[in-house]
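Following: one structure in structure tokens, then a few remarks.
Lettered A, B and C in written order, each chain numbered from 1.
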Amino acid sequence: MSLNNEIVQEKLIEKFGDQVSQFATSYGMLSFESPKEMNLKVLQFLYDEPSLAFTFLTDICAVNYPDQKGAELVVVYHLHNLKENIRLRFSVSTSLENTDVYTATKLFESANWMERETYDFFGINFVGHPNLKRILNVDEMDYFPLRKEFPLEDQTRIDKDDEMFGRG
Amino acid sequence: MRPVRFNIHPKEAAIADAIGMGKAPDGVPGEGFFATQLSSVVGLARKNSLWPLPFATSCCGIEFMATMASHYDLSRFGSERVGFSPRQCDLLMVMGTIAKKMAPVLRQVYIQMAEPRWVIAVGACASSGGIFDTYSVLQGIDQVIPVDVYVPGCPPRPEAIIDGFMKIQDLVGQESIRRRNSEQYKALLNSYGIQ
Amino acid sequence: MEHNHITLPEGSIEKTTTTLNIGPTHPATHGVFQNIMEVDGERVVSSEQTVGYIHRAFEKLAERRPLYQITTITDRLNYCSSPINNMGWHITCEKFLKIETPKRVDYLRVIIMELARISDHLICNSIVGVDTGAYTGFLYVMQYRELIYEIYEEICGSRLTTNMGRIGGFERNFTNTAFTKLEKFLNEYPKVLKEFENLFTRNRIFMERTQGTGGISAERAMNYGFTGPNLRAAGVDYDVRVHQPYSSYQDFNFTVPVGTTGDNYDRFLVRNAEMWESISIIRQAYEKVQAFKGAEAEVYHADVPEYYLPKKEDVYTKMEALIWHFKIIMGEIDLPKGQIYSPVEGGNGELGFYLISDGGRTPFRLHFRRPCFIYYQAYTELIKGGMLSDAVVTMSSLNLIAGELDA
């Protein structure tokens, strides 16, 4: 019988018990969470298990929820099983004080730059990454711009009048 | 059917009567000689053989490719040869968004160009930052280098780029010989920190 | 950059490797990429890429803008085929807001998206030709890109950054001039593509330059996250239009061309074959659009007043249209809560839009899954051991668009 969201959910619960939680299906895609220490184990299981075979990493990104104290930064992995055509969303959350998350580069080569981008924008420290430095912003930047606390505009510019743009 | 004649005059179809001539500079003609200012002759020669350096970073670069292609053809104006070496070019065409990471590179390329040099800022992003009022985009290249002509548009049509180019040609044709050594020019470069 | 441990390959006559900086401004890098290469004579030993020279902070910008204003920034992602980005964004919004578009809208969208795909592949393939020294192909096909630009202009007014369409359809019906121009394109372009292929495909010099260089196996390509023509050239037939059809692609009959070795020659051939498939899809879509008669032939948008700007005549005469116009423009309409990931097949591969909304008027987080960013990581592996000039051809055959890479 071909793979579908229920079977994926069953297999995950069978293997990890209550370490995987918050199962939800939105717009046809199953999503779930796990604690950040388990992220490599879950990814490895999804990769190696022959009936699941999520061997294509579509995307890694992060989201900043400033209101969820203790879990402000959430790293989201999008996985794809090309043969059975099933997608999966897997997220782990980390707090602002301790932003260490294990890197997925040994499993997926494509995670290399995607994790660098996530570090550049949010400041998540990927433990074990071969080359974790800024990729899109200037190297001298000392803050993580996509966190909600920082503004979009460059505050030192003098030629744009914030009053006229409705932001004064 | 390939068109072979583009210079068909709208009112006079006979080609022999309908060829236009460029305007000669003011001067004193005579038999076998034509006396005029040195700057007019030099300007005339320079303006019809400007060699651009296309500093194309993003979307405006694709419109530049369309301008260089056969439909809009920038080489009619003398810039058949685009160069990528700053030493060999007169006109720096900055096309596209310049991010703060790229600004030192742009400055370095400008400093490496030999006098006389002109700069044209093509597109809204190069002129003022465009729609990207963000932390990573330089709000206009005139923060780092002096600019002669700004071409607005996002991206500007090839006709607009050609119009900007023709304005540069006007500037080049009328430039005084002494401008590059004058106090005003030196002060302008100093205000950007360029010696 | 640490290069204490760069080892010279066997049989080298040099004492150390030479560091060569192919800097951000270089005619061979189409867009601003910097490659710091270690070369042993002419062979590349290793290289490191620096990107971010055109980082414009699209994702942070999108958190400030209501849905329609985001279309303008999606234009500037892959600017060679901007209608695909626009339609992809509108399809994402429609899936998120659970809006169904009528069939005629879907077929018109397919026509535009396939025209954009042809336009993107034309630039890529002709620039591969330029990098091997053949300038004629580029100038010849740019003339036909002008025809495509004229079609865009007829529909939305702009050539390159099209900002085309609305959530639910198009802003106006396609005029007869647009259809006439489309027919002219369909009549003239196949001959041009055939001539372009004759210049390159069995050309001895081109084949020697591109075969066997920049190759990658299918497993490595999937591990690197390749999608699009680059992955199909390596042998994997993954195409989002077939796997997860959007905009009624399931109603069309087309094949997905696949290569074998994933080298530069295969990528060139796959893109050419995709252009032939696109022409066939456009013809089918055009016939389907012509088949609508009467009132159905006037349908160009879905009936969603909350998200689709009403016609100006109605705004000036009807009260409801005025209220909807005000609410949409001022961004008073709140989005439902939720998250969605919606991919489309862009010119370079799977362009994904990951939208998270918390009920406000602007997205809480919008992330673009950009195919160029992901497959450029593999560049080091593709050029290792090859010649420097092959590295140049590999870069252009990957079709790297700086705007999409840095976003």
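Everything that follows uses one rule, which is that a contact is a pair of C-beta atoms (placed from the backbone, for glycine too) under 8 Å apart; a residue touches a chain by one contact, two chains touch by 3 or more.
None of these values were measured; they are calculated from a predicted model.
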{"item": "Chain occupying the most central position, where position means C-alpha average", "value": "C"}
{"item": "A-B compared against B-C, more contacting pairs", "value": "B-C"}
{"item": "Averaged-CA centre spacing for the pair chain C and chain A, given as whole angstrom", "value": "24"}
{"item": "Distance from chain B to chain A - Cα centre to Cα centre, in angstrom", "value": "46"}
{"item": "Centre-of-Cα separation between chain C and chain B, whole angstrom", "value": "31"}
{"item": "Where chain A touches two or more other chains at once, by residue number", "value": "136-138, 145, 152"}
{"item": "Chain C: positions in contact with at least two other chains", "value": "52, 55, 57, 60-61, 406"}
{"item": "Chain B: positions in contact with at least two other chains", "value": "101, 134-137"}
{"item": "Residues of chain A touching chain B in the complex", "value": "136-138, 145, 150-154, 157, 159-160, 165"}
{"item": "Residue ranges of chain C touching chain A (in the complex, touch as defined)", "value": "51-52, 55, 57, 59-61, 63-64, 95-96, 220, 222-225, 236, 238, 243-244, 338-343, 350, 352, 354, 356, 364-365, 367, 369, 373-374, 376-378, 406"}
{"item": "Chain B residues touching chain C - in the complex, by the definition given at the top", "value": "55, 57-59, 61-63, 65-66, 69-71, 84, 96-97, 99, 101-102, 105, 109, 131-132, 134-137, 154-155, 157"}
{"item": "Interfacial residue positions of chain B with respect to chain A in the complex", "value": "100-101, 128-129, 133-137, 139-140"}
{"item": "Complex contact set, residues of chain C against chain B", "value": "23-27, 31-32, 52-57, 60-61, 72-73, 75-76, 79-80, 123, 138-139, 142-143, 145-146, 149, 159-161, 402-403, 406"}
